[in-house]
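Here the chain labels run A, B, C, D, E and F in written order, and each chain numbers its own residues starting at 1.
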Amino acid sequence: MAGKAMLVVSAHSADFVWRAGGAIALHKKNGYRTKVVCLSFGERGESAKLWRKGEMTIEKVKAARKEEAERAADILGAEVEFLDLGDYPLRVPDEALMRLVDVYRELQPAFVLSHSQKDPYNFDHPLAMHVAQEARIIAQAEGHNPGQKVVGAPPVYAFEPHQTEQCEWMPNTFLDITEVWDTKRRAIECMAGQEHLWEYYTRVALQRGVQAKRNIGITAARDIQYAEGYQRITPAVTGELA
Amino acid sequence: MAGKAMLVVSAHSADFVWRAGGAIALHKKNGYRTKVVCLSFGERGESAKLWRKGEMTIEKVKAARKEEAERAADILGAEVEFLDLGDYPLRVPDEALMRLVDVYRELQPAFVLSHSQKDPYNFDHPLAMHVAQEARIIAQAEGHNPGQKVVGAPPVYAFEPHQTEQCEWMPNTFLDITEVWDTKRRAIECMAGQEHLWEYYTRVALQRGVQAKRNIGITAARDIQYAEGYQRITPAVTGELA
Amino acid sequence: MAGKAMLVVSAHSADFVWRAGGAIALHKKNGYRTKVVCLSFGERGESAKLWRKGEMTIEKVKAARKEEAERAADILGAEVEFLDLGDYPLRVPDEALMRLVDVYRELQPAFVLSHSQKDPYNFDHPLAMHVAQEARIIAQAEGHNPGQKVVGAPPVYAFEPHQTEQCEWMPNTFLDITEVWDTKRRAIECMAGQEHLWEYYTRVALQRGVQAKRNIGITAARDIQYAEGYQRITPAVTGELA
Amino acid sequence: MAGKAMLVVSAHSADFVWRAGGAIALHKKNGYRTKVVCLSFGERGESAKLWRKGEMTIEKVKAARKEEAERAADILGAEVEFLDLGDYPLRVPDEALMRLVDVYRELQPAFVLSHSQKDPYNFDHPLAMHVAQEARIIAQAEGHNPGQKVVGAPPVYAFEPHQTEQCEWMPNTFLDITEVWDTKRRAIECMAGQEHLWEYYTRVALQRGVQAKRNIGITAARDIQYAEGYQRITPAVTGELA
Amino acid sequence: MAGKAMLVVSAHSADFVWRAGGAIALHKKNGYRTKVVCLSFGERGESAKLWRKGEMTIEKVKAARKEEAERAADILGAEVEFLDLGDYPLRVPDEALMRLVDVYRELQPAFVLSHSQKDPYNFDHPLAMHVAQEARIIAQAEGHNPGQKVVGAPPVYAFEPHQTEQCEWMPNTFLDITEVWDTKRRAIECMAGQEHLWEYYTRVALQRGVQAKRNIGITAARDIQYAEGYQRITPAVTGELA
Amino acid sequence: MAGKAMLVVSAHSADFVWRAGGAIALHKKNGYRTKVVCLSFGERGESAKLWRKGEMTIEKVKAARKEEAERAADILGAEVEFLDLGDYPLRVPDEALMRLVDVYRELQPAFVLSHSQKDPYNFDHPLAMHVAQEARIIAQAEGHNPGQKVVGAPPVYAFEPHQTEQCEWMPNTFLDITEVWDTKRRAIECMAGQEHLWEYYTRVALQRGVQAKRNIGITAARDIQYAEGYQRITPAVTGELA
């Protein structure tokens, strides 16, 4: 039988690195198949540095962004699929939604990561999450492509947006990524076009590390240096509360 | 070294049975030390049937409620301590708060259960949760009784109130109590004074069982018949998201 | 002059039975014209049992679902109209919206029932409510098909979703359905494809009955066994507060 | 058997006039016994004009405020009881709470009116509502003064605060007070110390009148000129949804 | 270099007058270029009086509404552009969105005004705000029409809806419009088709004036008679907190 | 006449440094009188390092904390007053509240800074904010110590808590503290007992700096390196929206 898998739905081609790179590297290390679907390259709205180079076309920017994302995914140990739906604004036709349903059915992910449900700075982000959830629901439906194996109820998490409070995003889950931090940092450094964010997201990881430490308590043995924050959207089902 | 422990802070002497009886029985079975602190006996506000018997005094009602609670705790496998602070309204002086701090320090619970943070039908309930949280914070403070072992950061959960939506209570955690359901039902039946609630909370357990099953997905092997819903208040810190 | 009427906008062909069957039967009994519009048959996402029979096609499933819904509507005393817009995902083109506007204009409902405004388990549900509200607004516009009689401001209620708290649904209105419960139960039993939900929604009716009783107070004479919960979305206008 | 009654819990001695004067006059007209409990006179925080007269003492201000309130209550047809607990800040000892419980038991109100649950401009207001709710809960408890008749579950409404949106107050109920507007206006004019508010609350009544009209729809026959807005806090239990 | 500019995105052709007329007149007086984009004429849903005249066609209503809006804009000192997208329901194709992006790029507004983010009475309103925000985000993207000057981060404000509390709209900013009130009133009087709203919005301005006065405190010298309320959506960046 | 003043209400003796040190230094530089009221020394709950030294008493810890706070206040240019009310739990008797009212009356602050209104990690924090607001309201009352000059309506801001999202704190105002950052850092370094927080709050200032920059837009000339985030609680009243 196949092993466990995880799915990341990323609005633009760099989001999965800043926001879920640690989760990808950590679960890869723990034997998961890790897959990222990038809905767009972020070619219009998140490639300012490339556009300022001059002599640019949309195709050149997309190619550069794709190459960066592939290198980062490679470092993290993830497969990456690009749907090339355009950005600013992202629009997701039903054909693309159905492609995402196929990914769910084929991958059978144990959990899913995507954006916050609100983001006043970026409407592509909540749309990506909406689509990630809608595809999951359709993938559960027995009447969709009957005969295929339906998916169960993989937990859905919202990874950290840029300005958390404005996005009404609340981290109810901290993932300790200390042991894979170096890998995440190397993946981050693939994003040549957004170098100003390297230190920003390093500080994010340090802050979340301090907070994670506080949330296990000072009596806990575990040392945490770096963490990623997640908002779990779906309820947990468990046999123990500790 | 001592094993794990759990703490339940119950506003009235029956709340821990209806709302957390499954969690107590299950963790007891799994080797936990389980302790309940009842802030009051619910002698004024939750003993209507006893009062209707006639010839009643507040002391007789308290004695009857205490005896019921002790029998239920015995069945569930819990220690129970009564602070006898009065109900309708419950008032918690700082001395009682400090007694609760002592319990935290002595018990070192791995997690804590108490009421919802809002309850328009019963102001004693949110006060009990407030006190449970405040005592936890004080128990963490190194300057409180220096020399004692401080507590870490035990997760806090709100168990299910009577009218969940009015209480703005959201179950983000379902605990499968199928294997201890019979024990919980026997404990429930100790509550002779509130017989009208026996079937009510049996139905609650069945509904939460159906929902828990749905939240692990139809592809999951685990069969769940009965569950308890909890709202985890404090963030989780984890090394895996599945 | 015509009598009173009520309208139910149901995403899938069984929703109106589980969630508003009591309201339909009760108002029918009280002389209302009762009409249900089913936006889809729930053929892909809510017909698992049918699909597992084998030898199924989408048309067969739709026909089976239609037949079940018609029988249930017949028992409840409702007219039912099927828009056959597809499910998982439901999509509502403007033509369908305008058909719904026509229904409002023709029916002149005294109130409208539809789904909760949020449902993370089912995106078809909030869309149905959105469409029910949008059609109501258009039906109020004097410039839409001038010459037709516009509608007034029929109150809008959200009926009970499957997992209420996750849907942020709050029952601010309980409808006593004790006298029509047997009728509702018979309608429920038409839903052969979702037999696992019969007892679930029977328990829902019992729980809401207990809560309704509590909300009129123990001093009230009225005995309530079964109730349906509703969230009134629009304000009430009244001449008395009791 | 006694007729119906209503209860208003007013933080300061003028609040019941601005915020619930229409409800009092209307229900009085309809045969209700109407009672107001004023927790304080608003002598420190809501009597600016009186203080500016010079030669004032706290006792003189209280006497003046009491006299104004009594005249207004008389016009509206209400009994009024003053607990004289002080204002800015209002503090409510348990003895005062128990006096309010006695009022509930004696009055057996069909519904209760008090302040919004939040008010960043005035902390006395939400405290008054808290106390109104807490007293109601205690009055329901069979173990409180056994032998007395307990109260049922009278609906609780929050009347309109000064700056509604800041108070997170939402009018889900509009009361048509057109027929008693003149009476309310006369009662308002008793408040010589706050003349600047006369026109303010007349405009409030007009605005709520327009909104009430809109919420019954342009097709409704009822003409509404003046209304009061209320936020119903407790659920309704009903036999009809129209 | 060009002076400052402001942008108003109005769902229907009268909204900018009732809701932002004071802001337009005031900033015009202070040297701003002021531009309004009307997404529709409100020809179907907000022209009841015109339709009742008889002999009406959609084109005649649009012409009448356009003429009213142009006269009002003229009085206020605003340029106005009509996108004629239809109303009840408003639909905004991407071409219209891109036209709005062009307006942002050309105008380089210092701030933007549009509708509340929720309005259960009117779905065109939140859509207008959504589009106003989405266009702003696209206008910031360097990859959209590279070579054009991108826009900065103009603050976004929601102006006052008709029933504020139902719209969950909160005025966190009051604009003193006393000195331009006469101008606003004259603009309001251009709206012959909605005469019933003239006094309504005059009272709104008076109420907001009283509230604004209260929020600067009675010790402040500034006298405020009329104000408009706004909800600032985007954070402020400042060098001083007073 | 005296110049402008600002007031900070700090639950523990270090809070004003981490959370408002930049605002203090900046406004001091701009000519403000700056005053801090520390309700407690944080001697029990925020002095872990001191307690671990051994040979400690509560008086020694308080003295050490006081000395640190005074040095930090001196660097920032603030007066500091200690109410010594105890911590974990903080309790505020009405006498202390009245002392704070006196401070308001004497200082006549142009604005006030205190904690977030919710903090599940620390109940002393929201209590401090509550008291800061309640004292402000009392200081506005003409009947409190008649003859004294009342205060106006100084804006209230919540400064940044440790775990912002858990506290439901939203920064709607960013203060550029770049020019005083060195001063704030020196004040931070006075807190010898909490050295682990120096880098944490340096990173906070850097992150808020990046966000502030983003919220003025990339076209703005102003360069911002360090910022503090604030949640403005009270509405702004203004003559211009830009």
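Please note the rule applied: contacts are C-beta pairs under 8 Å (C-beta built on N, C-alpha and C of every residue); 3 or more make two chains touch, one makes a residue touch a chain.
No experiment lies behind these values; they were computed from the predicted model shown.
Most remote from chain D, judged by the distance between CA-atom centroids, is A.
Residue-number overlap of contact pairs with D-E passes half for only one option from A-F, A-B or A-C: A-F. Shared numbers divided by all numbers used gives the overlap of an interface; between chain A and chain F this overlap exceeds half, so the copies present the same residues.
Put simply, the C-alpha centre of chain A and that of chain E have 37 angstrom between them.
If you average the CA atoms of chain A and of chain D, the two centres end up 52 Å from each other. Touching of two or more other chains is recorded for residues 48, 121, 140, 166, 171, 211, 214, 218, 234-235 of chain E. All chain pairs that count as touching, in label order, are A-B, A-C, A-E, A-F, B-C, B-D, B-F, C-D, C-E, D-E, D-F, E-F. Residue ranges on chain B touching chain C, taken from their complex, read 48, 121, 162-166, 169-171, 199-200, 203-204, 206-207, 210-211, 214, 218. Within the complex, the chain C residues that touch chain D are 4, 6, 23, 26-27, 30, 110-111, 113, 140, 149-155, 157, 171-176, 211-212, 214-220, 224, 227, 230, 232, 234-242.
The touching residues of chain E, when paired with chain C in their complex, are 43-45, 47-48, 51-52, 56, 58, 61, 88-89, 91, 120-123, 166. Within the complex formed with chain E, the residues of chain C that make contact are 94, 97, 133-134, 137-138, 140-144, 146, 233-235.
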